[in-house]
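In what follows, a single structure is set out as structure tokens and then discussed.
Letters A, B, C and D mark the chains in the order given here, with residues in each chain numbered from 1 onward.
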Amino acid sequence: MIPAFLPLRDAIAAHVRDGLTVALEGFTHLIPFAAGHEIIRQRRRDLTLVRMTPDLIYDQLIGMGCARALVFSWGGNPGVGSLHRLRDAIEQQWPGPLAIDEHSHAGMAVRYAAGAAGLPFGILRGYTGTDLAAANAAHIRPITCPFTGETLTALPALTPDVTILHAQRADREGNVWLRGIVGASREAAMAARTLVVTVEEVVDALDAPMNAFVIPGWQVAAISAVPGGAYPSYALGHYPRDNAFYQAWDGIARTRESFTAWMATHVLGTADHAAFLRSVGGTG
Amino acid sequence: MIPAFLPLRDAIAAHVRDGLTVALEGFTHLIPFAAGHEIIRQRRRDLTLVRMTPDLIYDQLIGMGCARALVFSWGGNPGVGSLHRLRDAIEQQWPGPLAIDEHSHAGMAVRYAAGAAGLPFGILRGYTGTDLAAANAAHIRPITCPFTGETLTALPALTPDVTILHAQRADREGNVWLRGIVGASREAAMAARTLVVTVEEVVDALDAPMNAFVIPGWQVAAISAVPGGAYPSYALGHYPRDNAFYQAWDGIARTRESFTAWMATHVLGTADHAAFLRSVGGTG
Amino acid sequence: MSAYTSDEMMTVAAARRLRNGAVCFVGIGLPSAACNLARLTHAPDLVLIYESGTVGTRPHVLPLSIGDGELAETARSVIPLPEIFTHYLQRGRVDVGFLGAAQVDRVGGLNSTVIGPYAAPQVRLPGAGGAPEIAAHAREVLVVMKQSTRTFVERLDFRTSAGRVRALITDLGVMEPGADGELVLTQVYAGVTVEQVRAACGWPLRVAARIAPVAPPTPEELAVLRDLQTRTRAAHAARVRLDGVGA
Amino acid sequence: MSAYTSDEMMTVAAARRLRNGAVCFVGIGLPSAACNLARLTHAPDLVLIYESGTVGTRPHVLPLSIGDGELAETARSVIPLPEIFTHYLQRGRVDVGFLGAAQVDRVGGLNSTVIGPYAAPQVRLPGAGGAPEIAAHAREVLVVMKQSTRTFVERLDFRTSAGRVRALITDLGVMEPGADGELVLTQVYAGVTVEQVRAACGWPLRVAARIAPVAPPTPEELAVLRDLQTRTRAAHAARVRLDGVGA
């Protein structure tokens, strides 16, 4: 009924196991960086990582060898340029090969929505006249409307073993309130077999307005209070996006050496997210 | 850009024409009674009426001969019993025949959602083992998942010529905020070719919380300020549902004579919604 | 307090089937009464979902309609109706669904659509609502219906939802499906005979080898149920006046 | 203020194409600059939609990412991302979509996926994002790209989105599709020759019989654009500290 309130280390250890399909969602906003770092610290392997926009945290997970496959629709550092570790994995198979299952944003949204709805597939008018379907025929197929005869595109549902979200607030029953840009978080949450949430704070009463995006506590497996858990992404109402860090990441991730050194110091070399924040100068 | 702010009479005259497909949505809450009464006063004919739950307002529209067809999923007086005018139309063709296109709630939601998404059809796992598909083969067809081979049910999109909603509040740009139980209002609004809205009040600033259900003004064709416009349904924060009126309707609508007399007095015999409210004792 | 009606016994029997913490998809009328009775007695953490979009609601009075304001104001969250059917029901997040109908058959098939032929019915009933998908997707389906040979029929006039029933709770007792899916009488209420139940059933009713006894409503169950219904009747009888609206 | 860069000219030329009141699906970078320049000059009622779910947004500084908090805080409504693609784009409610890419071909096809073979690319680019469906569903598609023979190519390495372009706005001029769909040079900027444009294009570029002149940026356009970009640079350079968080 009520989710387990656990330290993040325990929540990740309990739910993220080698070989699972894991979605860390949040569109630019509320990206669960702390959870991603903890997965790296626990040296998980062979994960199928799912995310519309891989972002820096997937660059880190991929560069640290946690992933065997990536399901995605746009893999860049927004407004800055490449994700160098993602590129290195695809172009040079470093630190290992990375299988990709690639879509458009509209397609990823449809796949999550189908998973959330308990359907085996979803449909869209999309991919027409592109090379995407030919490149990914296992996951992109035509379908005919039984009423109009029109050909549309069908995509298989995404149902992650584990979806991890970051939110501003949970109450003591484990009800979780996300506010601001939510991306496909709702669909990723409802599609998941297991939902793990990190939050900025746990409060006695959510005080969410009616019709807010509140996930009932009985759907959440574990909640960890991790202040700053989305940094360098952001949590509306708590702290802004560290755009300067996103720009700095371009240099850090550009070479294997600088990346590995940075990860050793700031992620593997820190015990938890509070220590990570101190080490990158975000606090303290 | 900014919708026309019109008296309800003018908004209905401009947008609801004989023969159109019209959806008055709102699930128990925010049912646009004032707009429905105005359609009756203007003696519109041959409408295809769409609504998940026909409710009293469709009982009235059907009994007054405005409809030639009904698309629906549950046609009763909630918690009370039959809609006697709907029954009379189907059982005895009074005041004329009524074609029906009948679904389950889940199916109607899928049909609206497909229309809102610009798709020709939607899918669900539903209708299995029921007589619904055989009774309505034109609108319910099997479809095969191209990935799993599973057979699901396909339903054609609903795209009403006009959707009419009632909401608590609009601002001067015509942005509309609905709060509380919204049913399939969002999907019915986005599926429509033309959207007409009645509101309890027009304000300088909506003051809606982030992530509220706000319809941008540029999607709305016309807005009419009609205080009490959902009565005897309700508008959360303004007035409650008149459950006693819903119970009384059972007696009013039971015979053609009592129904016709009531409509002549309270709807045809009143110039507008304010007069209607006075005549039924809701105000004054 | 020892006297109670058969409706009360039926509501109490339905309420007792709900384990604390279960997620219930609640319909209006008797299911709503049973679920709230359970919530107010042995199952305080029952999660009630009404199809109007109210999740985790705790109404103080029973709603007349499926979308009364009371349900929204006491809900943990209020979401669009399509999500109730996709994210909750079709995705398999509902433990218990409650249904009623105008007709039931021996395998628990239900009719709430028409009496007579579909194209020219003698009686047009309200229709399917949420029933077909509740029957298909809830982990467990409970049906609550008063018994009569008119409603417990050999052959449905229309199959609105397929038979997939864990228990059919009547005003006389309880039927549960046997291995072949046909309903078998497994419980009768105090003071009711098996012959009475058989007489009020339109097909030759199978009877279990051992009929379990059903305890009558406890004083607490009766008090809570009657209190709830008294509050509800008073709330629904009040006419609404809009004098302040738009002022 | 008479001097201006070719990037500024390109941004201004793109901004001028936006009529007041149009609904624009805005991408990050140059399209975002052009749309906000238009909104702050001749088109105050431009409706900006960013794929992150922000509808009718009016940012004071340009976002670095497509989902900066600035976009949410200045939006008329913030909705789930799937609805942006279904209710707005696929339903046909977007007037103008902006795209950029790593490669463009002579019919306006775009590549933002790979350089080299898909299975073993020399350069892995970010990928499709919203592009395929923007190209398919916006009433009008504008592409903004700096010209070079490396990016304006005879043959795309990968077709990320189909050619369906109303205008390709470059740093040298503007191309628009002819009757057969092939892009034709229709405008060049002041101080640019047709030969320069041809030399920076990887296919034999068709040129319209009459080349329309393009007015240089006005002082107001330049001032508003530079002011916006100065504000933006300052905002993005500030490091974030979380000392208060969780305290």
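As a working rule, a residue touches a chain if its C-beta (ideal position, glycine included) is under 8 Å from a C-beta of that chain, and two chains touch if they have at least 3 such contacts.
Please read all numbers here as calculations on a predicted model, not as lab measurements.
A.B. asks: Could you let me know which interface, B-C or A-C, is made of more C-beta pairs in contact?
C.D. replies: B-C
A.B. asks: Just the number, please: Cα centre separation of chain A and chain C in whole Å.
C.D. replies: Going by mean C-alpha positions, chain A sits 41 Å from chain C.
A.B. asks: As a quick test, compute the distance in whole Å between the mean CA positions of chain C and chain D.
C.D. replies: Between these chains, centre-to-centre, one finds 57 Å.
A.B. asks: Please tell me the distance, in whole Å, between the geometric centres of chain B and chain C computed from their C-alpha atoms.
C.D. replies: Each chain reduced to its C-alpha mean, chain B and chain C end up 27 Å apart.
A.B. asks: Could you check chain A for residues that touch two or more other chains and list them?
C.D. replies: 118-119, 124-125, 180, 182, 210-212, 236
A.B. asks: Where in chain C do residues touch at least two different other chains?
C.D. replies: Within chain C, the residues that touch at least two other chains are 72-73, 78, 86, 90, 137.
A.B. asks: Can you tell me, using the touch rule above, whether these chains form a line, ring, star, complete graph or other shape?
C.D. replies: The chain contacts form none of line, ring, star or complete graph.
A.B. asks: What pairs of chains are touching here?
C.D. replies: Between chains, contact exists in these pairs: A-B, A-C, A-D, B-C, B-D.
A.B. asks: Given the complex with chain D, which residues does chain A contribute to the contact?
C.D. replies: Going by the criterion above, the answer is residues 27-29, 52-53, 72-76, 78-80, 82-83, 86-87, 90-91, 102-106, 109-110, 112-113, 124-132, 135, 180-187, 200-201, 227-228, 231-232, 234, 236, 238-247, 277, 281-284.
A.B. asks: Using the touch definition up top, name the residues of chain B that touch chain D in the complex.
C.D. replies: Result: residues 1, 116-119, 175, 190, 208, 210-212, 214-216, 218-219 of chain B touch chain D.
A.B. asks: Residue numbers of chain A touching chain B in their complex, please.
C.D. replies: On the chain A side, the touching residues are 118-121, 123-125, 141-143, 145-148, 150, 152, 154, 156, 179-180, 182, 209-213, 236.
A.B. asks: Over in the complex, which chain C residues touch chain B? Could you list them?
C.D. replies: Within the complex, chain C touches chain B at residues 28-29, 51-54, 63-69, 71-73, 78, 80-82, 85-86, 89-90, 109, 113, 118, 121-133, 136-137, 158-163, 235-243, 245-246.
A.B. asks: Provide the residue numbers of chain D that touch chain B in the complex, in ascending order.
C.D. replies: 21, 23, 45, 47, 55-56, 72-73, 76-79, 83, 86-87, 90-93, 137
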